[in-house]
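Report on the following structure.
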Amino acid sequence: MPDAAFQPRIVAFFCNWCTYTAADLAGVSRFKYAPNVRVVRLMCSGRVDPQFILSAFSQGADGVLIGGCHIGDCHYSEGNLKTLRRFQMLRRLLRGLGIDERRLRLEWISAAEGDKVRVIVNEMTEQLRALGPLGLPGRFEEWDREAGRTEAEAAGSEAREEAAHA
Amino acid sequence: MKYSYFPGCSLKGLGRAYEESLLPVMRHLGAEMNELDDWNCCGATAYMSVDEQLACVLAARNLALAEKAGARDLITPCSACYLVLNKTKHYIEDSPAIRAAVERGLGAAGLKCEGTTSVRHPLDVLVNDIGLDVIKEKVVRPLKGLKVAPYYGCQVVRPYATFDDAWNPTTMDRLLTTLGAEVVHYPLKTKCCGASLTGTLPEIGLRLTYILLKEAVRRGADVIATICPLCQFNLDAYHHQIEQRWGPVRIPTVYFTQLMGIAFGLPAKQLALGRSFIPFRMPSAKAGEAVAPRT
Amino acid sequence: MRITRTVKYEAERVRGFGREIMAVPGCETLLSCIQCGTCSGTCPLSVYMELSPRQVMALVRADFKDEVLRSNSIWLCASCYGCTVECPREIRITDIMYALKQRAIRDGVYPKRFPIPILAKEFTAMVRSKGRVTETLLVMRLFMKANLMAVLSSWRQGIGLIRTGRFVLKHERIQRRGELETMLAAAARDKEGS
Amino acid sequence: MNAGAGTEIRTGFYICHCGQNIAGVVDCPAVAEYVARLPSVVVSRDYKYMCSDPGQELIKQDIREHNLNRIVVASCSPLLHEHTFRHAVEAGGLNPFLFQMVNIREHDSWVHTDHAAATEKAKALAYAAVRRVRFHTALETKRVSVHPDVLVVGGGIAGIHASLTLANAGKKVFLVEREPSIGGHMAKFDKTFPTLDCAACILTPKMSAVGAHENITLWSYSEVVKVEGYVGNYQVTVKRKPRYVNEELCIGCQECIRACVYKEAKFPDEFNVGMGKRKPIYIPFPQAVPQVVVIDPARCLQVKSGKCKQTCVEACADRRAIDFTQREELVQIKVGNIIVTTGFKLFDAKRIPQYGYGVYPNVVTSIELERLVTSSGPTGGELLLRDGRTPQSVAFILCVGSRDYRTNRWCSRTCCMHSMKLAQLVREHTGADVTVFYLDIRAPGKGCEEFYDKSLKDGIQFVRGRVAEVTDWAVTPEEEGKLVIRAEDTLAGLVRRIPVDMIVLAVGMEPQSDAQDLRRLFNMSCGTEGWFLEKHPKLAPVSTFTDGVFIAGCCQGPKDIPDSIAQAGAAAAEAMALIDRGYIEQEPNTAYVVEEDCSGCKSCIPICPYTAITFDEAKAKACINPALCKGCGTCVAACPSGSIRQHLFEDEEIMSEIEGVLSHA
């Protein structure tokens, strides 16, 4: 059962020309949407380095949203095509890591599509709520503890072995 | 080609000539019509006026039965049934409340409706699936010289039909032209005939019918072609009362399938032409004449 | 000449009525009505109505429940959907009319000897018990309830139907009537509960 | 200037109430209090209007008094006020790029209703900015010179006015028009509202001025096909379509037209919207500029088949202006600014079959009526029905295709006034009864309400109601042979049937069918309706999101002639402001290579759309030309060794922002 009280955290990377402007338009139009999204402004979605996304997840994001201009409309002619390629690669990578690929989303939102920002953010918030927390920082700690235990055990058994040999 | 077939109450009663002509025409074109097992009334406009959730449950049973039978298309000749079944599909999709009611109702009978069956009007199937080329090949007695007013009525082309324009549909016009008939300009082709009122408020219903008949006569039509059992009854059965009030506007009204049957050379008996109040006969004199091309 | 004083007081508005109607699927678009009158211009019956469809829309939106539910307009709607497809704001006017008819029947404010709501009820009853409708029998029941004179004036149609073999006296019915009853009961019961 | 690097970070934080716009939802004092406790923050304040003079003064004063070296302002969108605050920071004695802005209005208070959640969001965003700004370094803007020439695209009234304004100021203008003549829609009008002065009388002098101006290069029958470069330095490719007539040699005597082997004009004439006829060789209309004939390649026998007696060439004699060897030509020009004035197209009335356009010959559009009442039109200004009779009754249907969710949702703004003008002309010409069917009369311009008043007094009937249908079926004897309108007279509360002889459809304005292609060509945006999007609806109405590209007239949205001209003047002034300053400051957000990390893999080189990255063979390193780099950052994200970095968007800046938005609980 999805936890209604769970507030997913979404980090959004919006390009300056289309999606960031669309989010401004959503504001000017007073469209209401879920407060779970935090926007990082970049000049182009092409600037989104895969490490930004991994870093967002590892620091507690439950979802990452990338917003760029529609294909063919990129302010820098084709930065968004590069984004698309990287995005596909990243989704495969996330799947490999056991992270549900719905947690990473790429949307083309033009400067005129203020309402689309509202729809996408709301939709993604609901979807992440249904998926539940990703909780990577917690898992890292767990892994660290496990790794620590294994190390300690290994050290312990080594010590025992050494003792036996002695 | 195999189709599931939903006749609806009218085609078993007042509109039985529609079924009686539709089935042989489809057979003649090599299409198999399998009547939906144990279908029930679609609910029509009356049930919607009382309770729309239950109306949708009622209609959805037919959709569920069709899906259970594995039907891709459900041929629905009556305009009211066509509209109600399509509307129900839309409602189930759009309204969570109605979807829930339908799921509860159908669930109690072990049925479910996923919207996989398309509700199709025979006019749509004939022209868009079977095709005018195939139909043209079957025409052995072209309706030369016959002037037809194509009357679509209100409910079939709106608001859910996707196969034609809601205000100026042309599917039947093209079909009739293929049969060799001459289609007259009939701006009232989608005006309501008042069928739902003639029984209850005759003064109003009759006037609507009168306007349709008068305009068809004025445009020089020999016959009105309909695609709906209620329209056919309404335009055909009340001539006496209409003429008492407004003078003669005598013109027969037939189903488009009956005209198809005539053009295909099917025996008149098979086409239930005798079931009309105002009898229709091919203008044989005219058919014999050399018909000058009209502009 | 009879002189009546007409003024509408705020107390006559039933707050929330407009919102209730707009909650019906497809009816939420009523808010964007610009009162252009295309519905009335298209409607073949508007010339008989106490309130034109446009006025009905205005009154619903302004919460004038009584005026709307007691008017003959909602019962004259023949469901031809002309207004719905013509409306430049894509308001599903026909569906709003249905919603109004349902409320009028529920509240018992429809005109008592007016045959249309009676037909609707008789129709519904016949469908529930038989699963199908036999038109000739339905019309006879209607005439008996609403207007006996109509039976007499329609004798021509009756004879015509007999002559053309369309006068059906045997009820059309489905086989699994129990199934239908179960379904409708299940859908209705949970509806009350919710 | 204070570089900040190496020294202690001292941050000043300011949160703006924006009246109630922000403070109505976000608890600003609470955010300021929270930020005050963050490391490196020396000053944290909330203030009613940060963008006001006292607000900016606050920043300047604090920089001096508290020796601040980083500034963060949480207020509206940086797209609106980043410049303002950078200025304030600079005026306070700090490098303007040691500043970061947080958007808590458009992205927070205006879009959220939950006050607590919105306040928490504001804190998280502020925290992220405070962390980010630590990594900011002092940067210098780069100045690029502005080419003084201007390209104007579209020769309607807006393009004409913009061109003349610039040319009169001594700027060189290239005016590119797709049609064989400039003039646009206005050239087709008979009179203009609300003054009823003759359109040709006021437009023709301006058109001639364009043709004669020494500073204007007019390329008619031409289209822009490619735009490269950036503000101040655009390279534009223009396609010049062959008109088979040498513009320099043709003197517009039209002897060739008279001599054409087609003795009769038989092809529908574009200027008279198909109601008049022209020959394959023609001049679009008598006042056309340039006064040069054009040959329609789809109609001319010589162009089509090469088999013609070429009587036109004979008639032209020794001027030899006709040239069948002309081919399409591509011309390249350099300009500093571009003004787009590509206009609109009219709604296709056939899309509403209920009104019978194309079915009933006496149903016409407003532009057709315009030609029918003009003395230069196909009937010589006599308003006649198609059968030659004079109409006794004429109806106007307004809002055709407009304010309609199924076609165009917008109001075309001019049709009310345009129809009233035509209604008055119809009454003047024929004395016919005129009925106007309207939804709302919109006459807000100067002199327009008075014009409405005059129309009422002239006896024009106004019926408030949208016409449901136009048919030719009669119910009463007086309806026989007429077009019958059925509509509700909504003010009277009556459904009416009104028989008339002629119906005029006031078709609305739509974006040009190739507006989307133009948008891509000039790197602009379109609103959902397809009109070109201005940078700000109030503060930057003729600017676009691309610097140096301006819009004016109806390509931005429906408007009348005075508004189009006002916008054209504004666009010309914006362009002149850039030209006269002579340079533009470029945002220093370019990418650069840290050479010692570059492995020379070359994977960045094909990624750059501006070929700003080259390979230095001697050093075996990538090398970025900052003059060409536009700062998208795509190469930065793609560099496998992390050796490409971007000013203002450094990895650690973005990473600390990510960390910031997430680490605030």
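Order of writing sets the labels: A, B, C and D. Residues in every chain begin at 1.
The criterion applied here is as follows: a contact is a pair of C-beta atoms (placed from the backbone, for glycine too) under 8 Å apart; a residue touches a chain by one contact, two chains touch by 3 or more.
These numbers come from a predicted model, not from an experiment.
Closest chain to the overall C-alpha centroid, by per-chain C-alpha centroid: which is it?
Central chain is D.
Between subunit C and subunit D, what distance separates the C-alpha centroids? Give it in angstrom.
Using C-alpha averages as centres, the distance is 50 Å.
When the centre of a chain is set as the mean of its C-alpha atoms, what distance in Å lies between subunit A and subunit B?
Their C-alpha centroids are separated by 55 Å.
Averaging only over C-alpha atoms, locate the centres of subunit A and subunit D and give their separation in whole Å.
Comparing mean C-alpha positions, subunit D is 36 Å from subunit A.
Give me the residues of subunit A that touch two or more other chains.
none
Touching at least two other chains at once: which residues of subunit B meet that condition?
Counting only residues that touch two or more other chains, subunit B contributes 167.
Return the residues of subunit D touching two or more other chains; collapse runs of consecutive numbers into ranges.
Residues 354 of subunit D each touch two or more of the other chains.
Any two chains that touch count here, so list every such pair.
Here the touching pairs of chains are A-D, B-C, B-D, C-D.
Report the residues of subunit C in contact with subunit B in the complex, numbered from low to high.
Listed in rising order, the residues are 24-26, 44-45, 48, 76, 78-82, 84-86, 92, 94, 98-99, 101-102, 105, 115-117, 119-121, 123-124, 127, 131-136, 139, 142, 146, 150, 153, 156-157, 160-161, 164-166, 168, 172, 174-176, 179-180, 182-188, 190-191.
Inside the complex, what are the residues of subunit B that reach subunit C?
Touching subunit C from subunit B are residues 9-10, 12-14, 16, 38-41, 43-54, 57-58, 61, 83, 91, 94-95, 97-98, 100-102, 104-109, 111, 154-155, 158-159, 166-167, 190-192, 194-197, 199-202, 204, 208, 237-238, 240-241, 274-277.
Over in the complex, which subunit B residues touch subunit D? Could you list them?
These residues of subunit B touch subunit D: 165, 167-168, 187-188, 211, 215, 218.
Over in the complex, which subunit D residues touch subunit B? Could you list them?
353-354, 471-473, 475
Quick one: in the complex, what on subunit D touches subunit A?
Of all residues in subunit D, those touching subunit A are 77-79, 103, 105-108, 110-114, 117-118, 120-121, 124-125, 128, 519-520, 523, 525-528, 533, 545-546, 589, 607, 609-610, 630-634, 636-638, 646, 649, 651, 654-655, 657-659, 661-663.
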